[in-house]
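Residue numbering begins at 1 within each chain, and the chains themselves are lettered A, B and C in the order written.
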Amino acid sequence: MLLLPKFDYEEPRSLPEALAMLSELEGNGKVIAGGTDLLVNMKKGTVTPAFLVSLKKVEGLREIAKERGGLAIGSHVTVSEIADSDHVGSAFPVLARAASCLGSPLIRNRATIGGNIVTARPAADLPPALIVLGAEAELKGKDKSRTVPLDGFFKGPGSSVIENGEVLTRIIIPSPPSFTGGDYIKLGHRAALEIAIVAVASRLTLDKPDGVIIDARVILSSVAPTAVHAMSAEKALIGQRPSEELFAKAASLAVGDCSPITDIRGGAEYRRDMVNTLVKRTLLKAFNDARDMKGGNA
Amino acid sequence: MKTYNVINTRLPRVDARAKATGEARYAADLSMPNMLYGAMLQSPLAHARILNIDTTAAKRLPGVKDVVTWKEAGLVKYGVSPARYDEQVFCSDKVRYVGDEVAAVAAVDLETAMEAVSLIKVDYEELPALLDIQSAMAEGAIAIHEAFPGNVSAEVHQEFGNFEEALKECHIVRTDTFTNKRQDGGFLEPQACLARYDFNGNLTLWSSTQSVHYVQRSIAMVLGIPVGKVRVVKPYVGGGFGPKAAVNAMEIVACLMSKRTGKPVKMVFSREQVFLHSRARHQFTHEFTTGVKKDGTIFALRNVCHLDGGAYSSFGIATIYYAGSLLGAPYKLPNMKYDGYRIYTNKPTCGAQRGHGGVAARAGWEQQLDVISAELGMDPVEFRLKNMMKTGDVTCNDFNMSSLGMQECLEGVRDGSNWAAKKGKLPKGKGIGVACGFFVSGAGYPIYRSETFHSTATIRLTEDGGAVNLYTAAAEIGQGSDTILGQIAAEALGVTLDDVRVHSGDTDFGVDLGAYSSRQTLMSGHAVKMAAEETKRQVLEALSEQLSVSVADMDIAGGVIVFKKGKPDFSGLRTLYVKEHRGWEDLPTGADLTFKEAARVAFITRGVIIGNGAYKPGELGGKYKGAAVGTSPAYGCSAQVVEVTVDEETGKVTVDAMTDAHDCGFAINRTNVEGQMQGSLSMGLGEALFEEVRFDEKGRVANPSLGEYRIPTALDMPNVRTIIIESDEPNGPFGAKEVGEGAIMPTIPAILNAIYDAVGVRIDELPITSERLFAAMKEKQKK
Amino acid sequence: MKKLITFTVNDIGYEVAVAPNRTLTQVLRDDLDLLGTKEGCGVGDCGACTVIMDGKPVNSCLVLAVQADGSTIKTIEGVARDDSLHPVQETFVEMGAIQCGFCTPGMILSATNLLEKNPHPTEQEVRQALSGNLCRCTGYQKIVEAVQEASRRMKG
């Protein structure tokens, strides 16, 4: 039996109570949601918070709601709810796809979108999709409230802009423009229970079905301390007519935008080669979807 | 073939309902009043001298009842083979790998025990850690075991025929190398045990083990307790696959602390400790030089093998023999030269795992044979058919193929996979590959030199004639032996499986060497069959006296007495039975005399009816050194065809289809045989594509979790088309021989050969991760 | 400090005082004597600890018992109805889907939950639903076949 260290546990009944509690605890309290990352690390002894605060009783964190043409997803919505949601599947298939790749069905039933963001793991599945979607995170503290784009949210492995005492309450995803398509591909060893060797999320917006690319977002994951833009790939795509050659060119440029390391899951050279493959493949799929979706779909 | 009542069927397993409802109790589920919890202190260093161990703080912690080190455990050495008893319960002079046991604590709960462990202070003097065989074999390298300077844990040199001479007759001679990686057993249930030393000095250990017999002997020897006072009982076991076939330090420690405290002591491995304990598949580095004649006859093989053994010997001394001997079949091979070296390194100890020393050797050699058949312009299936052995052939290293359905297996997979329509005709990126293999059906000799019977069995009929109690020390570890032995007993006695109650895995029930080397169906099965036939004889003799019919004119089948020469009047016996069961509503009324009635008569006239069986193989094998390892009363064999798709832009391999034919002699339970085939193939697929135990620069296991040590999930394993071949083994009970380990042999090479067929690339190092294959394809493109 | 939690397990209500650092696996096994739920790894990698929590299969080793306050839990002991096995249990027993049995409780719970939500799953859907439950013994095939057969039997 793998044991957890001792800690105190609180279930505040409202968001203000929770925020006041976390503020008082300074760094000693951590929010526990699904626990699929936090509890594993506590069992391994790599984190030892004195207090765990559960927001189980706090309202307003568990809905997926339409908002201004886009979606607002509560931070405690589980990954399987996102993967199975009709709203998400129709409007933001790239997010549904990323959600369905995470871990296993058992993990997805507990892991939350909020947890997958605040743990700031370089290989996390949801952030790349959220970044290409232009998602923003609503952070609430005892005395302040702010909205931060996911793009730029992460600072390094385990580190993000979230401050002590702040709680991630909702993720807002703006409605996509017309003729937008996206894709997420995760490369792992097995077909389930994997942490990505490399993952890529891409999104393209065309001015018209047979037109040029007016917006391109390519996010590379597991090949840098945080998810990063393949900036030279994006630059090469904007204003251009989509074609397989263009995507191949963008893909090979993307290789220069990442700084993978060799670790237990894969080697740096292989990761660079896979950035090439996955960028090319996600762009192709994003383009095919963009062509077909007048109403906007990412 | 003869038809049977109980065997060759698809009867559900006798323990399936208990497992399906959560009633089955495994070692970690057991508890007793006043039980203490044990925790182990294990070395954080790969190689170090122990200068001092200070347990004072640990002993003082409230709730701690015992703290033990080598001072309390003693220094009696143990292991698997007496020729290599190189393990101690606790390290005394030095630690030899990260995980080596140094001390243990028993306390009122697990938290306290673990806290106490953290309070034990050990002063170490670090020594150079030898983390690979090159460093361990280097000139001047420190000796991990003083008795083995140069760190060669075992060395084997064998030659059959004359390799060099034979090469002269060969048209093609090739040398290729092959390496696999350390595997882990990957069983879902971590090792666990509960020890109880009672007030009469009797010790009982419940443990998740494959061999209650070997554990019993080891504990008795190490703790100095008479064997008769040590009882080892196996609860339900959640898989073993080899690593659980010998005693582990935790088992001995739990017994020691129970003896010292007078209380039951429970200890359970964490998943990380399972990896540190290992005793799983070695890393093998093979070099094969094979000579083949112009007409495609395989003629000569030189096999050089180096094993990375880890810090102790465990089963390794057998492994290094198997790595050579298991290439002696299934092809005719008159000239075979083998040089094997097992090297000590400062890493967890490797031992026996499904297929033992044969898996890596088979993988590398079957791939090389494919290269050769291509050079000859021969179809790989035809090449194998041309060279295969037949029933009655003897290998160059004296293994007697008393039954060998190799041809049927090969033709079965060739036709079952539609090989002819696919080989050479699949689109680029898709491939099909074939390979063969064979394995022992029980090691010919026990791991300790002895004249002991390998299996005993006792059958005791209940006095009311209602049930047949089968007692065996054989180990049901998930492979289905309880069901198989129950079926054999029922068939041989003439009753139904429902009439039999199997009691197994307890040293109080007899001697059985346990579940390893794929032995129980054949060996324990023989003992059970003997016991059943002996029981039947006693019942029939009792009837004979009562009915004046000779025993030879009677039989028992399907739960009734069979009278071969006309039914006598048995009404007298029935009346007696009915009189004794006044008040019962379900009395026998049919035309046949039932087994129940007959068994009752036998009790009344003779007393308790007990039949015993005992089995040991006869003299087996040749007279050369190491001849014992690989000998067996029978050999199973198999052939496999695998189809893959390779994603050329990522290197990912998807196994699309597997066709497997296995000669198990005779299938006692057809569902069971298929299950063993499919399970073996999943372990082979895992080893081929994903599995690898990795270390960091300090000798720590870098991936001691089932997240980073990847066994196949339900999405990774395709369906297997299983073909059962029954060659009717003369040395097996009802013609049965093994399936549990042999089935894994062809899997890795069939995948390797399919990958070559798909993308023209040969991989000589496992696992075939997408990265490794991608790099190899990239390399090929450059050329 | 221990917390008093109230939850329903296999249709029986319980009130238990638990320390915050105890997992649902531990409380089910040690406090409620429901030993059918196993621990294979403790970190969510293997699925041996699967239980159904508020209608969803989860790794109970990664649920704090205190988080289960107010929840409805089903363990393997709650699958059979009175005397008779659930069709999934029947087919597992009949079709050789059980070897060592250690993964079996988790496997059966994931499978029965799947059939409640998707009564006629394709083979791929079955494999997907079971992808968090590792098995080292069977190679999964007879498990998948048993689930599909159970689905057929539950139709009529």
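Odds and ends about this structure:
Here, a residue touches a chain if its C-beta (ideal position, glycine included) is under 8 Å from a C-beta of that chain, and two chains touch if they have at least 3 such contacts.
For clarity, every value in this text was computed on a predicted model and none was experimentally measured.
Interface comparison, A-B versus A-C: the higher number of contacting C-beta pairs is recorded for A-C.
Overall, the chain located most centrally, as judged by its C-alpha mean against the mean of all protein C-alpha atoms, is B. Separating the centre of chain A from that of chain C, both taken as means of CA atoms, is a distance of 29 Å. Averaging C-alpha coordinates per chain places the centre of chain A 45 Å away from that of chain B. Counting partner chains per residue, chain B shows two or more touched chains at residues 28, 270-271, 707, 712-715. Within chain A, residues 1-3, 104, 191-193 each touch two or more of the remaining chains.
Among the residues of chain C, those in touch with two or more other chains are 39, 41-45, 128, 131-134.
Against chain B, in their complex, chain A makes its touches with residues 1-3, 104, 187, 189-193, 195, 197, 264-267, 269-270, 273-274, 277, 281.
Touching chain B in their complex are the following residues of chain C: 29, 34-46, 48, 75-77, 79-80, 85, 89, 92-96, 98-105, 108, 126-128, 130-144.
By the touch rule above, chain A contacts chain C in their complex via residues 1-9, 11, 32, 34-36, 39-40, 43-44, 52, 54, 56, 80, 103-107, 109-110, 191-193. Those residues of chain B whose C-beta lies close enough to touch chain A in the complex are 28, 110-111, 114, 268, 270-271, 649-650, 652, 689-690, 694, 702-703, 707-708, 710, 712-716, 769-771, 774-775, 778.
Across the complex, chain C meets chain A through its residues 1, 3, 19-23, 25-26, 39, 41-45, 47, 50, 53, 56-59, 61-64, 66-67, 110, 128-129, 131-134.
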